């Protein structure tokens, strides 16, 4: 893979982090600049594009009607899919989703699902028969590290931006009416990924930093500061103390981002 | 691929064509001898086998009932599939359709569809619920060049030969009755592919000639001499003048073939 | 494949068999010790694990409701699947079923289906609309030869062990009630595979013996001693005399096993 | 649904298609029908219409499938979508995968695989129309296609089924007998070696019936074997004539 | 269902979106938009929004696809699931496979493939939003992305469709005209070589209408060609400015 | 549908299956259960029944996946079709792909990957019956299977979940608690290194609850760790006895 960096560069990055510094001058818990553009895809029911440094993620939301799951007959259905689009990195290849894109989709999915972000019961059209299905498609357009936080943020921004078609039921048929209603949301979770290198924790790792990190832990945090979903990744480990520390760090950063985002 | 020819042979073929001649003695716009055998597959609702020189294409048509597309609730459905059967050439491999067979199927499909060859509304059984589905399966049995024209011709011949089951509707169920009706056709398009080498145009290229051609353009022509579908293929180009020339050539040849075929 | 044995070992095995002897001391028509454990998988409607020497096969049976086939509207549906689980042998690879596992599944399937082991009409809930579907999943956990006989035996043992949910139909809906009924069985076929090496026939070949055998023939035998399904396998051949001999051998061994099993 | 009580054989022992119990369906065999293949054959066996093309011995692709000590034979049995009553998806079914395997194993005993190490032969069987007994007709045609390709063979392989219909053991079941009959026993056979290379059975038979069916199928094979040799001769005579013509010109 | 009788062009010759018959939709072209790609471009053509990234020339993967005498161009045309009215499955459709092929063949004549033997170039086209004419806009953007990657080109390739709507031949059909119109003729063109590198047609046209449509499309291409060159200039000026700034610092 | 209001813990703090909040389900661990695998283990954890086989270190297949500087660990977590209430298709689901990844990453810290360059180890996890907490039980068994294979390890990895049911943080959720509870926190741990190698969470917890759950899960891990060592000892004693018997013979 052409995105691998040299051993020398790895050493340089590691030594900086061990001193509490970073290659781009940020502090260990600083995020890169980010910008959210909403509604770029007029044809989708919702969309948002997030630039986090040079990481670029576009999320489109489509709403269609479909059948509910048998065990939740009066709830809408959420489906999250992630594409590591091959133009985003020389290391991404076209083809069916691999384990990285599946993990990414499932982390984004759990952040939304476990925080009960969508008011699923309001998506029910006819219990057991017809509900709205919300398709969240995460489209990574440029990979410069921290795809998890960028994708999760962009997905929630797209949901906030999503409009639902109005409808009425006539003779058992769903008739789509003029006009839209916002998608009913109950929560706006923010996912923060904490990287670990030796005894240091850091936030918003860039692409090169990700290659020297031992491991990462991602936490979805809701408005109350509660934890809604967690995922450890990477081939290294955390001590129990580091996990508690990481959890606090994520909660603080979520508060900070929430203010910036006015979420 | 074992069907690739040598550079020497390529040069020989090219030089001939540049002089307006061909390796098998034909003129540039001459077709090879062809023969159509209809009804070979009694089990299919329609079938035809076309021999064009040594190119050998068998088309089978099956008719089944199915659902219409939501945007055309009172029209039948046409599905065209092409198989480059591996016994037809050492260069064909078993497996799911590749881009060549998909392009072939889509050119044949468009020739039929855009010329409105099939009277689709007569294939509707119950609007929005049940229609006839026409499966056209193109089966290439020997590849000796010009698969597009051979497949398109064989497909239309098979449709002409196709019989539709009689039916009646009893208590909302479709009951297949005895006897058959011919498939309702409104047009019999003929597809002509024009090859280009330098400033020369030629028709019905053989397998070896296809390997020296710059590009090809295929035109489906209906009874009125109108153009119903066009596809340029190959890694070379045409000048705008050559395209107009090719279009006229195709129209003339279609008239000629139409007479021979009594279509 | 790491399970291939050396030429020297092959020669040794062959010479023994030609003398009517076997590497583990068995006679040519002796089976290895076997043990059946039933009901291991409480969550499945039926299950059985068979140890035949070191060959280890687990079969689970699931029963669900589904649609009947159009040509048998008042019969339940049987679906047999076999997995050569990769932990069973260094030569098994994860992935979709290959020709070996498909052949294994189809031999097991035919033994059950052709002997009419399951009373299919009793699995009909509502003719043409809803029937019970019996999924038989053969799971090979350790491969030490004779997977066919082991899988077929384990499958029938699992079916004997299978309980069907009670149900009633209320307003056209199937309501699952408390309690279970045994799956209605009409026959308990036993499949015996006869190996051939030169002019010798042998039963229950071990993994190494299978690699020196010319060919095999598997016969499913019912309670009446009739033959219900046959499959020759392997790249060698049988003489017609050997086939008749093999058929008798299988029938005798089936009687013997039937006694041991109390089937 | 067809009434299973209906008789498939009348009181005079005549089957629904007019044949006697031990009578073959009409056969037509042609050799060398595909210009691009190294060997080919076409068979009409009853209403079965089957085309077989052989490529090789040639380099294996992908390479890692080749064997240092022998040739690898590959076989694909494939049904055209329009070959059966209800359109078949072109993707290979489990049935097609199994039949590809047993057909390959029926042909392997005829070849000297160790003579062509590191190479492969591909046999492509295309069922253009199916009418019961396609696997047998495929083997009969594939053996001809192999012979046509010029590869040395121990013998031709020829195949035919017998089975039980109503109460009678009969030869060469066609589609309706296959579906409504009691049992079907396809057999492939090499007459010169007295070798059975394919044997399957669906249905229920006593040992005696099974033995009778196997023997009847082998008799059928022997008759078709004569037609195979005829077809090869026709091809060779054809070639001889062409060569003579060329000489005379 | 939309009433097909509805007029798409009014009595004054104005189309439903306000354009005249020979008027292009608004276009926006940007070059060098993807940091990780070797070349990239973004196009908005009407409401089409398309991103193209180019990687290479680089070693082919898998290797056996490389050619000893030339570079291999690969192209993937892919629609984002949210780019169309009804969500599209991410798996490639037959339409996407075909368009990938014709787009590749439209671009190949612009490249000196024999200059880079044993290598490959990958062009990834992502339709973020579709509004009719995506294949043309994809080619226009892909040519820019190739130029941005620095690979030598004979000329830019530029594409535009013409077609017939109601009774009129018009330029650059948008979604509704594409669906309800009579015919659509997408054309790709290299102005300096007077070379048509893509040509397709759906619908029914007389020879005269076809000729008119092809010529109108080529005229449209020439206009977009000017915008392509503009976009490249903007990129180079941008780079020049950046370099100057660095020098001044 | 099950009534979500139903209490899963009674007033005395006893759970529906009779356990106290911090009580593990019954466990049974066996080592060396598969004759053909290089290492293997079987676990019953509650009603979970899981078999793990390890093959390697061995040559990687396909070769291009191997690494010049280290061993590659591959892991497949797979559910038998009959392991769950509704039959599971044998094709790998997205959930299985994700769990394969996190289980692999939970085991990697225990191995000296750099010691075996260019080789690969395959871990095959088969869920024969699922009852909540399969990923934890899989890790516990996989670590034993690795140890059984004889590969050097930094420590065993052991896994256990804690979670929140009704208002209480409890250890080792079973199926019903997993589905109806508030949160589930699976943890994998290497006791000698004090290293958490897997951590996931579904549900909603306060920071304090999360901390409590993590610590309770680690305590659970430590208890299971003792059982793991016991199981290995049993295996070794078994081997020792066998060896002695052989000597005595």
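So that you can tell them apart, the chains are marked A, B, C, D, E and F in the order they are listed, and the count of residues begins at 1 in each.
Basically, a contact is a pair of C-beta atoms (placed from the backbone, for glycine too) under 8 Å apart; a residue touches a chain by one contact, two chains touch by 3 or more.
Treat the numbers as computed from the prediction; the structure is a model and nothing was measured.
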| item | value |
| --- | --- |
| Of all other chains, the one whose Cα centre sits farthest from subunit F | B |
| Listed pair (C-D, B-D or B-E) duplicating the C-F contact set, over half by residue number | B-D |
| Inter-centroid spacing, subunit F versus subunit D (mean Cα positions, whole Å) | 52 |
| Mean-CA-position distance for subunit B and subunit A (Å) | 48 |
| Rounded Å distance between subunit A and subunit E, as computed from the means of their C-alpha atoms | 32 |
| Contacts with 2+ other chains: residues of subunit A | 97 |
| Multi-chain contact sites of subunit E, meaning residues that touch two or more partners | none |
| Cyclic chain order - from subunit A, heading first toward subunit F | A, F, C, D, B, E |
| Subunit C contact footprint on subunit F (complex, rising order) | 34-37, 40, 47, 49, 51-53, 55, 58, 76, 78, 80-87, 90-91, 122, 124, 126, 128-131 |
| Sites on subunit B touched by subunit D in the complex | 2-3, 40-44, 47, 54, 56, 58, 60-62, 64, 81, 83, 85-90, 94, 96-97, 135, 137, 139, 141-144 |
| Complex contact set, residues of subunit B against subunit E | 71, 73, 97, 99, 102-103, 105-106, 110, 114-116, 215, 217, 222, 225-240, 243-244, 247-248, 251 |
| Of all residues in subunit F, those that touch subunit A in their complex | 1, 94-95, 97-98, 100-102, 105, 108-109, 185, 190, 193-207, 210-211, 214-215, 218 |
